[in-house]
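Heads up, there are several structures right after this.
You will see two complexes here that share chain A, one where it goes with chain B and one where it goes with chain C.
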Partner chain A sequence: MKVIQIKPSELDAGLEKLESACRLIGPVKEKSYHLFKTLEPDQKPDLAYINTRLSAKSVLYPQSEVMFEFSLDKNDDQYAILKEPEKDRTPRAVIGIRPCDADAYEVCRRNFDTEEYKDPYWLKNYEATTLVGLACSNPCPTCFCTSAGSGPFSDRNLDILLVDNGDGYLARIITDKGEKLAASAGWNTEAGSDAEAAIEKKCGEAESKIKSSVAADNLEKHSLIDLYEAESAIWEPEGFACINCGTCTYACPTCWCFDVQDETYGKSGVRMRNWDSCMYPLFSLHASGHNPRDTKIARVRQRFMHKLKYYVDKYEKGIQCTGCGRCVRLCPVSIDIRRVCNKMNSYDPETCRCEVASG
Partner chain B sequence: MQNPYLPYPVRIDDITVETEDKSLKTFKFVFLKPGDEEKFAYRAGQFAELSIAGLGEIPIGIASSPTEKGFVKFTVFKTGKVTSHLHAMKEGDIMGVRGPMGNSYPWDLLEGKNVVIIGGGFAFTTLRSSIVYMLHPENRSKFNDIHVIYGARSPGMLLYKEELMAWAERDDINMHITVDGTDDPEWKYHKGFVPAITEQEAPPGDADTYAIVCGPPIMIKFTQPVLDKLGYGHDQIIMSLENRMKCGVGICGHCNIGKELVCKDGPVFTLDQLNKTPKEY
Partner chain C sequence: MTTYTQKIREISKRLLQEGRVDMVIGFARGSVPMINQPAFATHSADADRFVWDGNCGINLANYVTGRQETIGIVAKGCDARNLAVHIVENKIRRDQLYIIGVPCMGMTDRHKLTAAVAGEIESVDEDESGKTVTVSGDGFSETFNRAEMLQENCMLCMHRNPVLFDEMIADPVPEQTDEDIDRYGAVRRVENMNPEEKWDYFDDLLSDCIRCYACRNACPLCYCPTCFVDESKPQWVGKSIDPADIRIFHFLRAYHCAGRCTDCGACVRSCPMGINVRALTKKLEKDCLEYFGWEAGLTTEQRPPLDTYKPDDPEQFIK
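Here is the complex of A and B:
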């Protein structure tokens, strides 16, 4: 893999060149918080950001998205026939995505891209996107990526990794997509032979700053039903304070559930999908009125069991979490996935106890 | 890339009111586009999403049999927004069908076996599909004894009544039709709840006998001890689940029970499988 040196002025010049070749998406500050947005002409991504409040999942998977359009005009020969609308699938590049959010795409891909069914909306966006990641040199106290299958310099799901070296960036070119993007940006100054060593050194420094972690090594070994039935040790104390607000699911880069709703406007309509949340009673409510998850405790259990047990057992690729820490920072009642994970991991069904105290 | 969320356009070809309270209607659909019927090749026990533009989709078991060609049938209970609208639709109206979805009853496993079908109320739709499939001249020899225990509140609430009566006259299927009660002096079938009739009429469980059980939760609750008593192993009791669903293809995340998705890994599970799964259905 080659490493390129990009000076601050070259970064801006390169982004200007890229503007004509593709759509640029990056972190920008709006009011108090950063979020990912398509950059306006001449707008630059704010690469001094720590992380966005909402994750980058919306880049591939908008919070609301039209799936189909239809006519409700009975005189129309296409009356009530659903049609997939034309969508912009032109190339786009995300500049400055954090490695945890890029690794979350790989987690989501297991859901959207299966052997039997492929979600065309997510996948076509994914294929059209080049990911230029930004390594984290100053992780937050709530970050635990290193124990959640990611890391501050993780580049497994990136096309280019940018590393701030004080005087511009070192750019590790990882894939052909990344190579092409660097070429069209005119980033071609090969860095010296010590560049890889410099990146590794910075990576080690960043990793050593991450003090929080989850233990997940026993999750696969535990019986699913034992963990599910750990009401008194885990689910009741953890769910007690939950207000089912759903903030965790909206902020999470790996929460992928969606609802489908039809909307009509006069004689036309759309079928759209919207992010949904397992925190809400309606998520599992039957038409008969019966609700299989009719308590908040059951819904809190669903979220954590999905991320930390069902997913683990189904895919055998670790936990459905990349350690970004957003849910920890944003939960209004301080439910902490790290504590829940450590409880699940240390649960002893014989004694019905965990080694971690309730927070 | 094929879009798994896109329904096949269909026309309502026929509507039959099934029950005396008019809460159940059977809709017969024909595909508008040539080739779509072939793409919709299904097995008994699978389901589909019925789609009405402007209202949404509902997951419904397929009531027709793969041996019936030229159409596909669904029996729908009027209960929510989409089903209420569907009940008001007319022959000739255009809507959509998306599927088939789910895993079906285990037909390979059931070949050469005795099959005992136990159904109650309006959960008889995929069971009708199964019976029509097994009784088809090409298939009947693949199965040994077939028993059907089917009950409803009253004679007027039985689905597919004419077919039931016709099957009762045949000698290659053992029909045990029952109602909770009736004051009809002409009623010549059973009276009593499904679990009781099962105890009376179902063959004892052995390695070559499988029970397919579909019905309201209360029926299932009281039928299971009967099947235990008759000696049915939990891997020989086959059930079909329902859960709130949206996509039907295992992606939207709504219908999970533990790590299984009812839409894709089910809806058919053995009791043995369900014993290892959270009871979130």
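Here is the complex of A and C:
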């Protein structure tokens, strides 16, 4: 892998060149927080940002997305035929995505891209996207990526990794897609032979700044039923405070659930999908009126069992979390996935106790 | 604030030891700064987890809805008012509650504190007198006048002392009056806008909403078994982030709260996007005060004005 040196002026000049070749998406500040947006002409991504309020999930998987359009006009020869609308699948690049959010795409991909099912919407967006990551030199107190299968310099799911070196960036070119993007941007000054070592040094420094972690090594070994039934040790104390809002699931880069809805207006309509949340009673309401998860404790359990047990067992690739910490920061009642994970990991079904206190 | 914490623990332990209540609901320290966690104790030993400081902004009345136990509940001014609303609306019986009243000097605004410093806040400390709040993080520590860092609803609060309680943990704190504060300045500013400005204002106000429903779910008034936005047979409201659906949710929810809202601010505090949801409910509070001379939650003897019918109603349309 080669490393390129990009000076601040070259970064801007390169982005300007890229503007004509592809759509650029990057972190921008609106009101009091950052979010990912398609950049306006001449708008620059704010690479001094810490992290976006919500994750980069929506770049590939918008909160609301039209899948089909249809006519309800009986005189229309296309009456009641579901037709896919035209969509922009032209190349785009995300500039400055954090490694945890890029690693979350890999987690989502296990769901959206299987041998049995291929989600065309997510996959086409994914394939059209080049990911230019921005290494985290100053992780937040709530970050625990290093124990959640990611890391401040994780580049497994990036095409290019940018590392701030004080005077511009060192850019590690990881994939062919990254190579092509760097070429179109005119970023071609090879960094010196010590660049890799410099990146590794910075990586070590950043990793040492991560102060919190989760222990997940026992999750796979635990019996699913034991964890499910750990009401008094885990689910009741953890679920008590929960208000059952969807903040954690909507902020999460790896929560992928959606709901399909038809909406009609006059004689036309759309079939769309919208993010859904397992925190909502409607999520599991049957047409009969029966709701198998009709208490908030059951819904809290579902969220954590999905991320920290069902997913772990099904994919054998660790937990469904990359440690971005957004749910920890944004939960209005301080329900902390780190504590829940540590409780689940340390749960002893014999004594019905966890090593971690309820807090 | 440590004396408050000690007193809350002491009373909770006594109530649990004496068997006066089945459980006490209060606040435990959150795992991140500025967000304490609603928590319960069923044994006196558990009461040591209770704390009190400026991060107890969630309304605990939300946690007693429909419960069957006898409950000791830690209640600041607004929580106590919402307990009164709950009692009037038959969501809990007065004799099920032992209200541990907390004279409150307001809750600090986590959005404001976050915006006031450049770094990531790792800890928040309040001095015992309640005059200052100090936020610290990696390489910084800044002290602010606490009164300036309060949630807006707390700055405008006129009922800091619980109106309904069984025991107070401290002497009452001084109340603010209309001479000290302008409760409805922000509402008047919107009232005075022309239609176009109003449209833009509300458009902007709700533009960040992601429909997580944190505002609704943090609200003690929103206890409907099925909220109108969650009805599926028939479905009243679309599920996407279409601005029309978002507005319908917020406007209708606000109207459901008219005459019942105590301006506790739990909605704003909970919103992950920092939307000032109170802009809607504060207007309805003002209208209820002006038209009916009514403030929610000050009595358990009277139903809210929009929840009553009087044969001698002065308005013709209702007869």
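Methods note: the second predicted complex is superposed on the first by the 359 of 359 C-alpha atoms of A that agree within 3 Å, B and C clash if a C-alpha of one lies under 4 Å from a C-alpha of the other, contacts with A are read in each partner's own complex, and residues count from 1 in each chain.
By our rule, a contact is a pair of C-beta atoms (placed from the backbone, for glycine too) under 8 Å apart; a residue touches a chain by one contact, two chains touch by 3 or more.
From a predicted model like this one, the values you see are computed outputs, not experimental measurements.
Once the complexes are laid over each other on chain A, chain B and chain C both fit without any clash.
With both structures placed on the common chain, the touch criterion links A:278 to chain B but leaves chain C unconnected.
Once the two complexes are overlaid on the shared chain, A:259 sits against chain B and chain C alike. Shared-chain residue A:197: touches no atom of chain B or chain C.
Shared-chain residue A:31: touches chain C; no touch with chain B. Touch criterion met: A:306 reaches chain B, while chain C stays clear of it.
After superposing the two complexes on chain A, the angle subtended at the C-alpha centre of chain A by the centres of chain B and chain C comes to 90 degrees, rounded to the nearest 10.
Minimum Cα-Cα distance between chain B and chain C in the superposed model: 6 Å.
According to the touch criterion, the shared surface of chain A, contacted by chain B in one complex and chain C in the other, consists of residues 259, 261, 285.
Those residues of chain C that touch chain A in the shared complex are 28-32, 35-40, 49, 58, 62-63, 111, 114-115, 120, 122, 137-138, 208, 210-214, 216-218, 226, 230, 232, 238-242, 269-270, 272-274. Looking at the complex, you find that chain A touches chain C at residues 31-33, 50, 53-54, 63-64, 138, 140-142, 240-241, 243-247, 249-251, 259, 261, 263, 272, 274, 277, 280-282, 285, 328-336, 338-339, 358-359. Those residues of chain A that touch chain B in the complex are listed here as 67-68, 70, 72, 79-82, 84, 111-112, 114, 116-120, 123-124, 224-225, 228, 256-262, 264, 269, 271, 273, 276, 278, 283-288, 292-293, 298, 302, 305-306, 309-311, 313-314.
Considering their complex, residues 1-7, 9, 51-58, 79-80, 83, 94-96, 242-244, 246-247, 249-254, 256-259, 264, 276-281 of chain B touch chain A.
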